[in-house]
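Each structure below is given as structure tokens.
The same chain A turns up in both complexes below, where it pairs with chain B and then with chain C.
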Partner chain A sequence: MTIAAQQSMRMRLPAWLSAAAFVLFVAGPLVWALSTSLKTEVKAVAFPPVILPDPLTFQAYIDVFTHKTFAIELFNSVLYATGSVVVALLVGLPAGYAAARFHFRGKNFLMLTILATSMVPGVALLVPTYYLLDSLGLLNNEFVIIVISAARLAPQTVWFVQNFVATVPVEIDEAALVDGATRPQILVRLILPLIRPGIAAIAVLGMITTWNDYITVAVFAPDTLKRTLQVALVNQVFDAVGISWSYTMAFSIVASIPVVLIFLFAQKWFVAGLTAGTVKG
Partner chain B sequence: MSAGFANAAAAWLRSRIRMRARNGGDRPWLWFAPVLFLLLLVTLYPTAFVVWMSLHKTQFFQLTAFVGFANYFDLLTSTTFRDISWNSILYVFGSIAFVLPVGLFAAIAFDALGKVGAGLRVMALLPWTLSMSVVGSIWLWMLNPTFGPATYIMKSLTIPTGLMLGDPRFALALVILATVWWSFPYVMVMMSAALQSVPVELYEAVDIDGGGVVAKFRYVTLPQILPMLGSTALTLAILYLTLVTLIIVMTGGGPLGTTTTWSFDIFRETVTAQNVAPAAAASVIVLIVNVILGAVYVRLTGRVSA
Partner chain C sequence: MPTRILATHPPSLRSVMLSALAALLAIAPLASSAWAQSGNVEITFATFLDPNNKNEPRAAAQSKMIEAFEKAHPNIKVKVQVDPTQQPSMRALRSKTSSPDVMRFTNFTMLEAAKTGSLVKLDDLIKRDKVSETDWLLPLSTGKVLDGYYGLQQDFRIPVLLYRKSLLQKAGVTPPKTWDEVCAAGGKLNKDNVVGYAVPLGSGGGIGGAQPLAENFFSSMISEESGTYFDAEGKKPTWSKQDFVRFAQTIKDLYGKCQAVPQTNLQAGYTEVHDGLRAGTVAMSTFGLFRYRAIESGGAGDDLAWAPPPAYKPDGKNVVYGFQLTINANSQFKEQAWQFVKFMTSPEAQAIAAEGGEVVARASVYTNPELSKGVTDRQKAWAQLVKDRGQFVNYSILSVNFHQALGDAMQRMVLSNSTPEAAYDEMTARYNEAVRKAE
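Right after this comes the complex of A and B.
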């Protein structure tokens, strides 16, 4: 063995051990959740804890899927996640395009306003928003939830779209203008197809954000028929006496499957979205 | 002659179009109108309104009288608020103190393992994709004082477990544990990106000077990744400061209020709605702290949006 190879071996052993420790740290709770979800309700609370389910049963999953409010909760989760992304893109695309292409007085002020709104945390607006919605009779309204969630995604959407459009050569726009195209036509027919991967990344991140959100729905639409999978999950945990851990873990896994699938298929975009533009160039 | 004229005309037309392109026609702000309308309605108006509310006396959700800064005065002098502030600071700084080294260490370990490491890193990202409700539920079950495997392992090692999340001595530390588990992948991704941008020549220079692993980390890695470490810490500080769901699920602010942070308190006051003026004042305080952190972040990164 060469000295270099020996050295790299010596370097790699601690790396392997640390990596193994991290995998254990990450996988431990996930494996425990999966294992519990495949146990019977009684076996789930055996002590000392047993890792392999015996007997192995899918009863908890059957219970989750056949619960009478499951379908409506799933529908609401999908509705809010897709609705908020669609609205955020509808308002964010023109603004992001204009931010990248136009130079006019007051643009900096507009962009600063959008930036400022992104710094207002959702939790600080719980009290006033609840008050306003209550006095307008707009609590428990699906459309309101979509609009609020879309506003959370909007600043980031504008910023992302601006960056994506900036990568497209401005000559493309100019050539189309010479040919008599209007700006909206250029955005929809030329720019949009070119920045489609970027749009997909925004959509993925936005959908995961809204899908995973608990607070907005729990506070502004607590009605049984308006709530999401996340809200239903937390409500089970609140019921400390009647809780069935195999059911709750099965529910947690079912509620996570869509985001985990999206993540696995789109993990490149996911990582790119996280790291995009975080350090001064 | 005519070719020259055509060229000149084309150039003039192009410059006109370029000017129109730069200015975005007569009403460029129209392109911003939809997003501004949305943000005005959902973010800016409620922001102004919460400031207005915080200057009033309230009964349930009714504004009864203008009282100026009385709510802030009451809040800042109350012992409850002092405790809650302390919890918030402990939670935010405690989580950051653990999540940064854990995430950085994970990035270094996985980066050293090439292709296998890259695969493992994808797996290690999983917790970050899960919702706080799911993460809270899983950890609540892990830490169950009677049946949980964490309790079992601790008991086997004769570590006192008490009531775990029900124990005022341990609750905040255990919420921090779950927070670190959930968010260290974010640090890992950021640090991986930062590590990969460190020029290899710098490490070679340390080799030539006879420096070891420690010297490489101290004099090359750390200074190179420090800006990214700072911006990551700020992003997470904002996240932790405004985080509610994990605390709702794991402890509900208890036991004995030891995990009640500013944001959790605001949530509880909103849903119980006894007297919302103090919660409105607390909202404004969280808002101000958040904007300060956000402004520092923008100065640090030059990024236009959080």
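Right after this comes the complex of A and C.
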């Protein structure tokens, strides 16, 4: 190895060591969760603790997948996450486009108000929303859960879409208008394909947010058949017989897999979407 | 003419679907009213026992009881809503919703629930249907709150001493009967990564604040001689400063002078003590008897044993509590809900509940040969303990706030080595502030 190469390696060594330490710090709990999920219930609480499961067993995962309500909870999680993103995009795309392209009196005030609504903590709205839904007989209603989750995503969706649309030259719209296209046609046929990475980023963030949400479903849909994986997971913590750690860890890992897969699948677009607005012109 | 029109203009798929939807919407109310008119009713029962939890024998017993009820009452169906924390049920009461119809509440949240004004008062129903007031381990009247009966008792719990036999044998100690004996025994056991006598001051596994401390220690220690805890309104504590100081000094000594428990227990709650007893890293603790089977099957096995709980005097009184079944005053099916509550607390149904390991509330389940077939010797011994040493007390309507204030004050006392008097002042000030805000 040349002297220059050696010097280069010495200079990068601290960075590598720091990165390795950070990865261990982050990955440590995940590795421990995986290890616990593969242990028997007795070994999961044995002292001194050991990292390698012995005996190694997949019983906790079998218990998760064969649990009577697992399929329903998974379905509900997918339904609420997907539905809320779809509704948020249906509302946010036209609104963001309008915010980017049209100029009207009070636009800034309106946009700031939209942003301000997303700063109200969801917990503060729990009680009035509960009263409202109960008086309308809408508790335990999956469509209501989708609408509430979408309403939470909508403000940021509008702002993100506005920024993404702003990166598209307005001349494209003007040329299309000259050709006789309507605004909806311009949005759907010209703008959307150009801001696809941005939409992917919004969709991924929205899905992760709704997937991980506990309080909305726990409060507004307490029915066993309407609950999600997150609510079921928290119920494990309040189990009347104490926490089954290997089952809880297996459940947590299984509940995280869809989100991880979505992110892995969409990461290319996700990164492109987040950086799309950084270079203008 | 109509035929020719149909032939030249066949209905589009859209119109067919719209027509079908309209027909469905028209039929649906008729269908539901037919169901209702036939007298069939579905009531919702909120309970912490999840029927889908195959590891929980009490849940299996609950399902059997519901099945038996539905067989005896074919027009009433029971839908279970899992409510581990009682918070959704409390929320339903406060917002006057009609569901759930039947709810389980612990005795220490009964006053809070009754004060919402959304529970049915059962006095007239008990009289009307001649529900026994004596066939209970403790008289039915001891479960009254405010001005009457707002629930029927389902089961009883009394704190017991749970311990690992091998650890006590190794240290040459016997299960302690008094706090002085705990001090001596705990000190001998507390070594080699084993907690001698766990005193949880944290909130893990509970519903807020230092619930395990209050439930298994404080409530019994403070009321052992006086027999009272909070006033009938659930706002003012009825203990004296002197009694509190004695309690706090006992806790401080266990952590300090006796060396019976390490400071790592300051943040321990239900979960940590439960897992410690399972793993053998906790030698003994005063804990809930309802956790016995889970700890036994979760790692402790035959090494787990129990003894009557320690007290200031060897046979000192301990607080008893359990679950009561209540009826939502806003329910549309109050009579059906009452039939369900009456059934679930009947000796026949309670005999089924006993198979799941509960210390059921009905006395005849332990004495009637037909009913006691599913009752183990251990359950009989616990039932006897409830009768001999159990006493009901009133609880705070702000139990979470109270438990939080209690736990924080105890932790601060141990960590900063301050006095029990200072802990009393801190706890009292914080709790009074919480009461003032609630008013």
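What to note about this one:
Please note the rule applied: the second predicted complex is superposed on the first by the 240 of 281 C-alpha atoms of A that agree within 3 Å, B and C clash if a C-alpha of one lies under 4 Å from a C-alpha of the other, contacts with A are read in each partner's own complex, and residues count from 1 in each chain.
As a working rule, a residue touches a chain if its C-beta (ideal position, glycine included) is under 8 Å from a C-beta of that chain, and two chains touch if they have at least 3 such contacts.
The structure displayed is predicted, hence computed values, not measured ones.
With both complexes brought onto chain A, simultaneous placement of chain B and chain C is prevented by a clash.
In the superposed pair of complexes, A:Leu205 makes contact with neither chain B nor chain C. Contact with both chain B and chain C is seen for A:Val45 once the two complexes are overlaid on the shared chain. In the superposed model, A:Gln267 makes contact with chain B only, not with chain C. Of the two partner chains placed around the shared chain by superposition, chain B is the only one that A:Val158 touches, whereas chain C remains out of contact. In the superposition on chain A, A:Leu30 makes contact with chain B only, not with chain C. When the shared chain is aligned, no partner comes close enough to touch A:Val64: not chain B, not chain C.
In the superposition on chain A, A:Tyr130 makes contact with both chain B and chain C.
Of the two partner chains placed by superposition, A:Val217 touches none, neither chain B nor chain C. Greater residue coverage of chain A by touch, when chain B is weighed against chain C, goes to B. In the three-chain superposition model, chain A touches both chain B and chain C at residues 45-48, 130-131, 134, 219, 237, 245.
Across the complex, chain A is touched by residues 13-14, 17-18, 20-25, 28-29, 31-32, 34-39, 41-47, 49-50, 53, 61, 105-106, 108-110, 112-113, 117, 120, 122-127, 129-134, 136-142, 144, 146-149, 152, 181, 185-186, 189-190, 193-194, 213, 227-228, 231-232, 238, 241-242, 244-245, 248-249, 263, 266-267, 269-271, 273, 276, 279-280, 283-284, 286-287, 290-291, 294-295, 298, 300-306 of chain B. If you check the complex, the residues on chain C that touch chain A are 48-50, 52-53, 55-56, 58-59, 80-85, 88, 91, 95, 97, 99, 193, 205, 207, 270-271, 274-275, 278-281, 290-291, 293-295, 298-299. Here chain A touches chain C in the complex through residues 41-42, 45-48, 67-69, 130-131, 134, 139, 218-219, 222-224, 235, 237-245, going by the rule given at the top.
Residues 11-12, 15-16, 18-19, 22-23, 25-30, 32-33, 36, 44-49, 87, 90-92, 94-95, 97-99, 101-104, 106-107, 110-111, 113-132, 134-135, 147-148, 150-151, 154-156, 158-159, 162, 170, 173-174, 177-178, 183, 208, 211-215, 219, 230-231, 233-234, 237, 245, 248-249, 252, 255-256, 259-260, 263, 267, 270-271, 274-275, 277-281 of chain A touch chain B in their complex.
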